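What follows is a pair of complexes built around subunit A, which joins subunit B in one and subunit C in the other.
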Partner chain A sequence: MRGRPLLYTSYQADQALLNTTTKKVMLGLLLLVVATIPFQVIPGLDFLGSDDWLRLLSTTAIFVVGALGLNLLTGLAGQVSLGHAFFMGVGAYTAVWLGGPEDAPLLGLGLPIWIWLPAAGIVAALIGVAVGPTAVRVRGLYLAIVTLGLVFIGDYVFRNWDSLSGGAQVGRDFPPLQFRLWKEEEPLIDFTTPGTWFGVEVSGLAKSFFLLVTIAVVFTLLAKNLQRTRVGRAFMSIRDRDIAAEIMGVDEFGYKLLAFGISSFFAGISGALLASFVVRVIPERWDLFLSVQFIAIILIGGAGTVTGAILGSAFVVLLPRLVGDFTQWLQSVALGEGFGSAIANVFVATTPNDFGLVNTFAGIGPGLSVAQLNLVIYGLLIIGFLIFEPLGLYGIWLRIRNYWKGWPFTY
Partner chain B sequence: MTSGLVVLAQATADGNAFAQMIVDGISFGAIYALLAMGFVIIFKSTSVINFAHGALTGLGAFLIAAFATVLDFPGRYLTFLPEWAQWTVNVLTALVAAALFGILLERVFLRPMVGEALFAVAIVTLGVDIVVRTITNDWIGTQPRPLGAPWGLAVVDLGWVRIAWSEVIQILVTIILLGAIAFFLRSRTGVAMRATAFDQETARAQGVNVGRIFSVAWAIAAFLAGVAGLFYSIFPRRATGVDQATAFIAFRAFPAVIIGGLDSIPGAVVGGFAVGIAESAANTYLTFDFLGNGFPGIVGYLLMMVVLLIRPYGLLGTPEIRRV
Partner chain C sequence: MSGKLLQRRAERSGPKSYEHLLEVKDVHLAFKGVKAIAGVSFHVDDGELFAIIGPNGAGKTSLFNVVNQVYEPQQGDVRWKGESLMGLKPNQTAERGIARTFQNIALFPHMTVIENLLTGRHVRMRTSWLAGSVWLGKAKREEIENREIVEDIIDFLEIEQWRKYPVGLLPYGIQKRVELGRALAMDPELLMLDEPVAGMNLEETEDMARFILDVQDELGIAVLLVEHDMGLVMDIADRILVVDFGKPIAEGTPQSVQHNPNVVKAYLGEEVETV
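Take a look at the complex of A and B:
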């Protein structure tokens, strides 16, 4: 059979998770790189092991979980939801209620992570199923605005429920990533402080990085497998033509509710992890912008694909950092000499009142701040991908792959 | 996000609270109705759910502030006119600029998306919203920018109810605009617009210039959004002027659209006034401590959920006929 690509002799082989050798090799390499990142052993990639990059990569892992959830709902089942941030908030506040310290003036039961983390997902899923009937009754664009309403209602509740959220603009500390059997003083495994694992020194950030990546891998497998089974196919049939799906015996109402529930479960877990990783979170964190970020993730990555959710998360989380670095570099060029400096000067302001499209001197003079530039780039990317490459980064990858598959022929 | 609604009701302990509530509600409602109507006009004629409506509102209000107070253009060349007329001319110029910007947005970002899935187009407008809102906010800066309305803080006190002059003018302007739209929809372009809303391809086959209809729809919507932004940024709503939070008013007008029905212009008006009066009632009567801050801001959404449970297509919307 060698040398005959895409020849499968059994259904199992065709539907396998890694159905080509390339995929196996690539995944193996990726896992190897990820596992060695905190130890900075691969030359050229060792900068990824620095503290700020580890923090970004851990955040990416958290966003992957949430993005997979939205991908199931929007990408697979075709239900547009702007309410993802609300379910993440529900997860986070469930976590803090169960896992927060008991003696504080704020609500908290002091339970360990193996209770609060799954509970965060389950409570979010239950609320997802509870609002489901309204959401499932309305369709398409009405649904987008109903879920938009959820974000605003949630925002109002979180801001005003002071004993749970710590109050508007104040926030509270979330339970850290520590594994306890019950409420003992010393955690069994502490993912936030440096220590030794199997004789190797690991920093606190490296530990939480490993934990979060493991969780992300587990959820990726879950999502991928869900997509390959009866449920995933039912979701896709509803997305493609709901009445036809119903005629073929797919219970539209039930599966839509299920999609809402599973998606909210992923969102709840992601929200709890995000809050726990960031430690202190204000209730305004769970706003519309977070939802839009997740929409951006699945659109930029490629709607309906697991790979896309991962690529998109990395892209959206790392973008601010890249833009910041780029602006700094541009500024250093502008302050330098020669022709390059003249060009860079148009784009970046070198003194507070200088003209420039980007101005790093906060709030003074014309020009966008770096944060605003980030927002504009987000917006333009969402627009650009939808207009020019609706399949997102995944689509770009597909085209590159297909080009080389047939090379030197065009098909 | 604060509720952003300044209510005159507290000032009239001796007045009729109910009448005051209704007057305030109509005044809020007029803003929502203007926004909702622009939204519905865009949806009906171009099948685009416009999440960038907030950005258009903020931009319109900013342009008015820029033309009326900073540039004083073209009023500075019209010194023979009284002051209020100069201001009005400035505002109209700003609104025309906003309308042109609306046309530009549609042309650049939405024309390439014609025929794509409604969802994808809606998300494009989310992207447009982020871009336009961010740039507008950068122009506005950290301080609110006053719009310089000539009637200022003047209030008519009828004894049983107090109305700000700006509210009187606002309600008059809204009625005039509603009438103008109703009239416009019966004109030749309006009929073409309704034909486009019904079926774009057939309209084209009948010789309607669909692209021009899209431009007209966006221009009208941007114009209406600018008017709404104007009345939202002056006394008695936000006396300080347009600031970075102004654009969020559109998110409170979305429930009005849904309550009325996405594709119904009368529905947008009904929904707008329903949400306005509901918010005003919440402001007046639901002042319990446990409700905390900002409850009136979500009343519209709660009302929307209830309406959707009973009528999934809004009060006056057309039920979608589903074909396989």
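Take a look at the complex of A and C:
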């Protein structure tokens, strides 16, 4: 017999991650869809299986790992950090030092992924804990400025440490997503080249996609569990009211430091994966813009929620692509005839020196580049969400759900 | 109140090796020359309901902050079971068994009632970040055990219907109760209540008085009560300390304090003036 909806007969059932049938079914469906994406079997969603989209979705998965980390620090513990890109860089360069080829002049020890990937997280976490005591003593805006300093220091070190980074504007190749037991020639599993898995043909991109999504799912579970247990509550209590939290027995300094360390661990893993997936990365990649992207993810997605970190990542990774497509479409309209063309012309430049809000001709003529336009859009969205929807995309999702459910007046 | 918390009372009542549970000795505290506390001493014994009263600005809240080691007094000592608390961090006073509510509610507004109470359990739980994030058997068990304790407290305080709401959304009187619940969740030996009925109507005040007496009687928790409401204090306190301008002016049973001329002058005098 089916019981009353949402009547839990044990606290265990209430506290389970997927405490409603709807959640279980939805998650099952989602996993099924994700698993079939590269095979392009679902009509209407088959475009997601193109190389282009697999790349975007894989990048989203990588960003999810980093965003979950920043969410723990900023969303849960309430410490705004602009230093996330720095810790991602630390992760990436740890990975390349340990996992890069052994031939000089670049640093590299040729070690396998099961060493360089965890190490990327651990080294980032150690540096996080090392600089943490300075950072966690200051609050709010001051913390943002201190962590901003980290990005500039990192930028300087990465650009000038040629044997590690390959040099400014040059960069180097990062260790690929290949699984070796040790330093053998042939990898045991190669996630970058096509092959057959269980009798099915899979492309290299599809393999990386599966690996990265799996990693993102694992980190999502870790973050979600952390959030709903003792340490997660300690983080939130500090965010909500730090002195009261201390009087309740939460060691404010210790937990801020811990939040810094765990967040940096996630960032390090994310940075290493990003570099490995992109293959060749220049040291300028780990700049302030990357940090801002992560702040945007947290704020647009919804601070303090795991779902928000995922939605925000998808949004921020896919936005440039959508903006790019839209600009192209505008250009084609502008080059056409009639009234639409005149309007589009205001917004987009059709020749290098034409006036337009957006100018796709790199570095020349008036107007914003597509990258700058993205930055402006992030900025506007952050402000918009902060003012109108502090819970971000997650809040919008809640509203949609509430519309159907009358939450929280359920029984 | 049901099982789990009462059990703790039995565990606590062993032979004791100290004279007083809490002892505040000649505390002086000044903020940039402004004297907030000028030589206050008192003690609280196990299971006792000790009240501190005095006009606004008398230094009562500051005394709590000294006990919690939020403020560092220029002079004096605070002893817990005979050992000095001086130099500890606030969270260490909580670990020792001192719980507290605040004059201006200091709940965690974005967390639900359950989460607030579970945060009160923080000092009684062990799960580390590592065990928590992999949701190992032990972490899960601890989570469920503590959820049961928290539900006991929710039943006791009659706030079942609010349990899953973010506390920031709840009415004032309910928030006051949740705050008491969070302090109880710490499973303390001393509960410090800073004006628990301030701003409450008569009915809410009576409910709160009942809860406080239950805490003392059934759970055997010592209570250190700061209150502006003279009536409540006279009704429920075992002993009373009266402070004015940071100085103790009388101490004793409700009857003796009530008739003390100093008190009539300082405390009731003010009342008359403000009428």
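Throughout what follows, the second predicted complex is superposed on the first by the 360 of 411 C-alpha atoms of A that agree within 3 Å, B and C clash if a C-alpha of one lies under 4 Å from a C-alpha of the other, contacts with A are read in each partner's own complex, and residues count from 1 in each chain.
The rule we apply is simple: a contact is a pair of C-beta atoms (placed from the backbone, for glycine too) under 8 Å apart; a residue touches a chain by one contact, two chains touch by 3 or more.
Predicted model only: the values in this text are computed from it and were never measured.
A.B. asks: With the two complexes overlaid on their shared chain, look at subunit A and say whether subunit B and subunit C clash or fit.
C.D. replies: After superposition on subunit A, which the two structures share, subunit B sits beside subunit C with no clash.
A.B. asks: Angle at subunit A between subunit B and subunit C: what is it in degrees to the nearest 10, using CA centres?
C.D. replies: It works out to roughly 80 degrees.
A.B. asks: Tell me the contact category for A:142 with respect to subunit B and subunit C: first, second, both or neither.
C.D. replies: The first partner, subunit B, only.
A.B. asks: Which partner chains sit in contact with A:369 here, subunit B, subunit C, both or neither? Use first/second/both/neither.
C.D. replies: In the superposed model, A:369 contacts subunit B only, not subunit C.
A.B. asks: For A:181 in the superposed arrangement: first (subunit B), second (subunit C), both or neither?
C.D. replies: In the superposed model, A:181 contacts neither subunit B nor subunit C.
A.B. asks: Thinking of the overlay built on chain A, is A:382 touched by subunit B (first), by subunit C (second), by both, or by neither?
C.D. replies: In the superposition, A:382 touches subunit B alone.
A.B. asks: What's your read, subunit B or subunit C touching more residues of subunit A?
C.D. replies: B
A.B. asks: Looking at the overlay, does A:247 come into contact with subunit B only (first), subunit C only (second), both, or neither?
C.D. replies: After superposing on A, A:247 lies in contact with both subunit B and subunit C.
A.B. asks: Upon superposition of the two complexes, what minimum C-alpha distance (Å) separates subunit B from subunit C?
C.D. replies: Minimum over all C-alpha pairs of subunit B and subunit C: 6 Å.
A.B. asks: Residues on subunit A in contact with subunit B in one complex and with subunit C in the other?
C.D. replies: The answer is residues 241, 243-244, 247 of subunit A.
A.B. asks: Contact residues on subunit C for subunit A in the complex?
C.D. replies: Against subunit A, subunit C makes touches at 68, 70, 89-91, 93-95, 99-100, 102, 106-111, 115, 118-123, 125-129, 132-135, 139-140, 142-144, 147-148, 151, 164-165, 182, 186.
A.B. asks: Once bound in the complex, which stretches of subunit A touch subunit B?
C.D. replies: 78, 80, 134, 137-142, 144-146, 148-149, 152-153, 155-156, 159-160, 168, 241-244, 247, 288, 292, 295-296, 299, 363, 367-369, 372, 375-376, 378-383, 386-387, 390
A.B. asks: Mind pulling up the subunit A residues that touch subunit C in the complex?
C.D. replies: 11-12, 14-15, 221-223, 225-226, 228-234, 236-237, 239-241, 243-252, 258, 262, 304, 408
A.B. asks: Where on subunit B does subunit A make contact in their complex?
C.D. replies: Touching subunit A from subunit B are residues 1, 49, 109, 112-113, 116, 118-120, 122-124, 126-131, 134-135, 137-138, 141-142, 251, 254-255, 257-258, 262, 291-295, 297-298, 301-302, 304-305, 308-309, 312-313, 320, 322-324.
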